[in-house]
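Down below are the structures I want you to see.
Here chain A shows up in two complexes: once beside chain B, once beside chain C.
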Partner chain A sequence: MIRSPIRYRTRVILGVVGVLVVALAYTWLSYRQHQINPTDQTIPTWQQLAAGVGKVLEVDEFSGDRWLVTDVKATFYRLFVGMASGVFLSVVLGLLMGCYSAMEALFHPTLSFLAKIPPTAMMAVFFVLVGINFEMYVCMIAFGVMPSLAQTVYLSARNDVPDELIHKSYTLGASQAEVIWNVIYKQTLPKVLDAARLQMGPAMVFLIAAEWMVGAEGFGYRIKIQQRLLDMRVVYVYLIVLGGAGFLLDTALIRLRRRLCPWYAE
Partner chain B sequence: MPVERSSTAPTPVFDPTQPPDVVLELAGVQHSFGDFHVLHDLNLKVVRGQVAALVGPSGCGKSTLLRAILGTHPPNNGRVLVNGTEVTGPGRDRGMVYQRYSLYPFLTAEENVAFGPMLDRTTLPFRAFRPLKWRAQKKEILAEARELLVRLKLEASMQKYPHEMSGGMCQRVAIAQALIMKPEILLLDEPFGALDEATREEMQEMILDLYHDNIQVQQEGGVPPYTILIVTHELNEAIYVADRIIGLSQYWNWEESGQAKAGPHRCPGATFVYDAVAPVFHSDNEREMHLLNEQRAEIRETVFNESLVTIPAAGVTFWQQRYGGGASQ
Partner chain C sequence: MKRILLALFAAVTLTGCDSAASNQPSFTLAWSEYPSWSVFGVADQKKLIDGAKGKLGPIEEKWQVDIVLRQADYDPCLSMFASNVIDAVCMTNMDALNPALGRRSVAILPTSTSVGADACVTVGIDSVAQLRGTPVYGLEKSVSEYCFVRNLELLGEKESDHKFTNMDPAAAATALQTNSAETKAIVVWNPFVMQTLKAKKDAKVLFDSSTIPEEIIDMVVIGRDALDKPGGDRFAHAVIDAFYQLNAMMAAPATGDDTLKAIGAKFSDLSLEEMREVVKQTRFYSTPDAAIRLFEGDKLKETMTNVVAFCVDHGIVDKAPTIDYGMGKSDLTFSGEYIRAVQAKQ
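After this line comes the complex of A and B, so read on.
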């Protein structure tokens, strides 16, 4: 039946089966490829993948660093600062637009226009205007997620808080700043966190693409180099780490939302 | 003409020997939306300690009038005064309880009640930059909120969010939220409209208890703490909880009285066609249905009857009844 619930145990078993099917399909593909070419590295065996894990964790003889540690630090620091800046900008702009019609008239057309331009297409502009340093990655992520995130905050501030609650706040002695901070922001917070969580994926796309093009460290850079060397052992390990990190970040943000907004019905 | 009825409570809060302590005053209030005239020349004085019910047919402008008093939609003409000060916007001297959206969904019951004092007694920079002092003050405010919730029999729901409470509990908390601010007047806009019959009766009894607190305080020589204006479409409810019924209606003799300023055959807006004392009940006593029925029939005839062209002065008898005409409406 459509939407009929299933037991938790069945859900877990089906989840495990899904993972096993993918793992088995990969094993079979890898086996077939190695029957044709025993030295193949495009679809590495599980042993080759284990060797790939060892390679990304061992100290590099030229740089003296471990690849994975260096790249995780670089990529996630850029992601964190970029997302934090983007979320901050979006919340400020979105709340101003949702609260004041003049701000809405001022920013909404521009944001709607910017939201239509893929940030990866804007990379050339960022390279020219900001350079190819740390600030470029931050700007790209911040301005990449900002248009759609700001619009989410704006719509939530405008539609999710009934006028009655705002009027009531004034009868309780609230100032305009208190209405924005203590009422409108508090009520839009779960939507902000959910929207930020959903923007994490696009932010990673912009970041990996920029690292791929101009990076000297980071996931995009390392995947590009290893792909050119056809060392897919490292590429797959990096992809698995990216997937795992994305999953952890997603879970962490859901938990943060549940902790900060226990009142919010999912 | 309505006559003063006997009441089941011994002492009304209204003392006819004293000059009225007017909390809310409407002076020539008129309002229209473009060409559509809603309110016409409304004049009213509500005295401290009264529970006045505003009734009228659908679309007569009850909510428009309440919004004008609240200050969110000022009238086109005339003045609304609370405690002698003209209303220019919503303020903490008027408490408000709506039928829906009464509580902040992100706050628990006790936090909802404490929200007003928190805003009133501290500032945003204080709460942001002096966390230790703020924490101590917050404890005091929350204790005060809990005390009020206990009085309203909500001790079991203090930590609950609005979505975890029933409609009746939410409205009770909403009333506590407004009362903790000690407003000059509490405005209730169809507050029990969405509740089931049993909960509605409980809430009505709560309003009666507040009224009897007024009587008790007054008997002890104090100033009655609660003045309430309740908008309701339930006539029984209006008569049961209020000590004064005010009827607003568009069905009045505006053509004959030369008030057709809006143009031929166009009503210049609703006006007060009924204003009379209501019997005072006590929440512990049985509801005396004959008292309710008598006045209900009278209000139906005067306020709700489309075919009857009411002369406003005939139904507006409150001051005559209380002062013998010594004070105007």
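After this line comes the complex of A and C, so read on.
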């Protein structure tokens, strides 16, 4: 029946079945490709993938570092700082817009305009503003996720907080700042966390694209170079790590929201 | 629903008929935008060949084979070739090593060589000694890095004193033009070299590939499996024939400018004059004799030995592919045989 619940065990089993189907489909694809060309490198077999795992974990003879360690550090540090700046900016802007009509009038048109522009397409602007190093990745992510995040905060601040609640707070003697911080911000928090979680995907796309173009380390860089050298063993291992990291981040943010806002109904 | 199914059925039968229009075996050649490779796109425009599946131009009629042209970016071209999706591809001698390890390959035609088309462009740096310690941006593990390292060698510099740092060539050119405080030196290829020099007046070429002519070679490579299929050798012949017929059009005074314009049309926003400069720096092997001289000469053997050593030293290949010059059974073969066959039939 539509929307009827299932048991936890069934849920776990179905999840595992989903993963197995994907793994089987890949095995078949790789088998078929190796029938066409036994020395194929483009759809590696599981054995080749295992060699790829070895390659990304061993100490590289040229740089003296482990690829995966270098790249995880670089990419996730950029992602973290970028997302944190983006969320901070969005919350400030969104609350201002949700609370004051003048702010809304000032920022809303610009944000709607910027929301449709991929930041990777204006890389030259970032080059001029913040250079070609760490700051560029951070800005690219922050400005990439900000327009839609700020709008989410703004809508939530305007619609999710009933007027009575605000009047009640005033009656109890709260200042404007206290109303914003203790009432409006708290009420929008679960929406912000959910929106940030959903923006993780676009943020990753912007970051990988930027690393693809200018990176000398990081996931985008490694995937681009190794793809060019046709070492798909490494590329697929990196893709699996990316998928896994996405899954973990997602789960972590859902947990965080439940912890911080237990009152929020999903 | 019924109508949709009918339409689908009609579409399927029609496409079926279309490919049956020519009974000749069809082979796919993938090319990316580069002067000596755009030749194939222009050959299609000028109706020497018909790049569509199932349709034959005069050259395809002559060799009784159907050439299917596929244009894509350079990197996807390499992946498509390696995964057996296409039969032949345009790539450089250095980039041919990795695909050859997975799919035995035959280089059938050199199209051009870089004589200045890859260059180290700098702002405010006038000597290679000043370059020490400055990050030089360019595409890692590509001909750019090769050109950089070879020039350092020739200048007696130590590679370890220099910092070659990865950046996409288009991004590197933009970075140098917009933020030369941080990006002082780049190694890129054309059209980025010429565009950068044009856009930034204080940029200069510190060194370029004119010191290493015939070491960076653009060429057409076919999978051995495709050559072994019926009609595979005719496909090789037709591709070579088309290349030289278009070169003849470029050389003829009546059609020369027009053809060059067509070649440059999608390459960049450079003018006809500037395109003349570009094809000087990307020197075409415009005659069969020039091509055979390269493929059967001793210099190529020396070059490839160096290139393979470079690729092994820089982690570009896991192991060295075997290479031979003739009709051997190695991973990668350079063969002038197909060019000779076309020459004989003229």
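As a working rule, the second predicted complex is superposed on the first by the 265 of 266 C-alpha atoms of A that agree within 3 Å, B and C clash if a C-alpha of one lies under 4 Å from a C-alpha of the other, contacts with A are read in each partner's own complex, and residues count from 1 in each chain.
Please note the rule applied: a residue touches a chain if its C-beta (ideal position, glycine included) is under 8 Å from a C-beta of that chain, and two chains touch if they have at least 3 such contacts.
Remember, it's a predicted structure, so these values are computed and weren't measured experimentally.
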Which term applies to chain B and chain C once both are placed on chain A by superposition, clash or fit?
fit
Please work out whether A:61 is in contact with chain B alone, chain C alone, both, or neither, and reply first, second, both or neither.
second
Just chain B (first), just chain C (second), both, or neither: which does A:229 touch?
second
Check the residue A:258 against both partner chains and state whether it touches chain B (first), chain C (second), both, or neither.
neither
Does the superposition put A:32 against chain B (first), chain C (second), both, or neither?
neither
Between chain B (first) and chain C (second), which, if any, makes contact with A:73: first, second, both or neither?
neither
In the overlaid three-chain picture, which partner chain does A:127 touch, first (chain B) or second (chain C), both, or neither?
second
Which partner chains sit in contact with A:169 here, chain B, chain C, both or neither? Use first/second/both/neither.
first
Between chain B and chain C, what minimal C-alpha to C-alpha distance in angstrom results from the superposition?
41
List the residues of chain A that touch chain B in one complex and chain C in the other.
none
Counting only contacts in the complex, chain A reaches chain C at residues 33, 36-37, 39-43, 60-62, 123-124, 127-128, 131-133, 212-216, 221, 224-225, 227-231
Listed in rising order, the residues of chain B that touch chain A in the complex are 70, 72, 89-92, 94-96, 98, 100-102, 104-107, 115-116, 119-120, 124, 161-163, 177-178, 181, 183
Listed in rising order, the residues of chain A that touch chain B in the complex are 162-165, 167-175, 177-178, 181-183, 186-187, 189, 261-265
Within the complex, chain A is touched by chain C residues 75, 78-79, 82-84, 98-99, 101-103, 140-142, 165-168, 170-172, 174-175, 178-179, 182-183, 225, 314-318
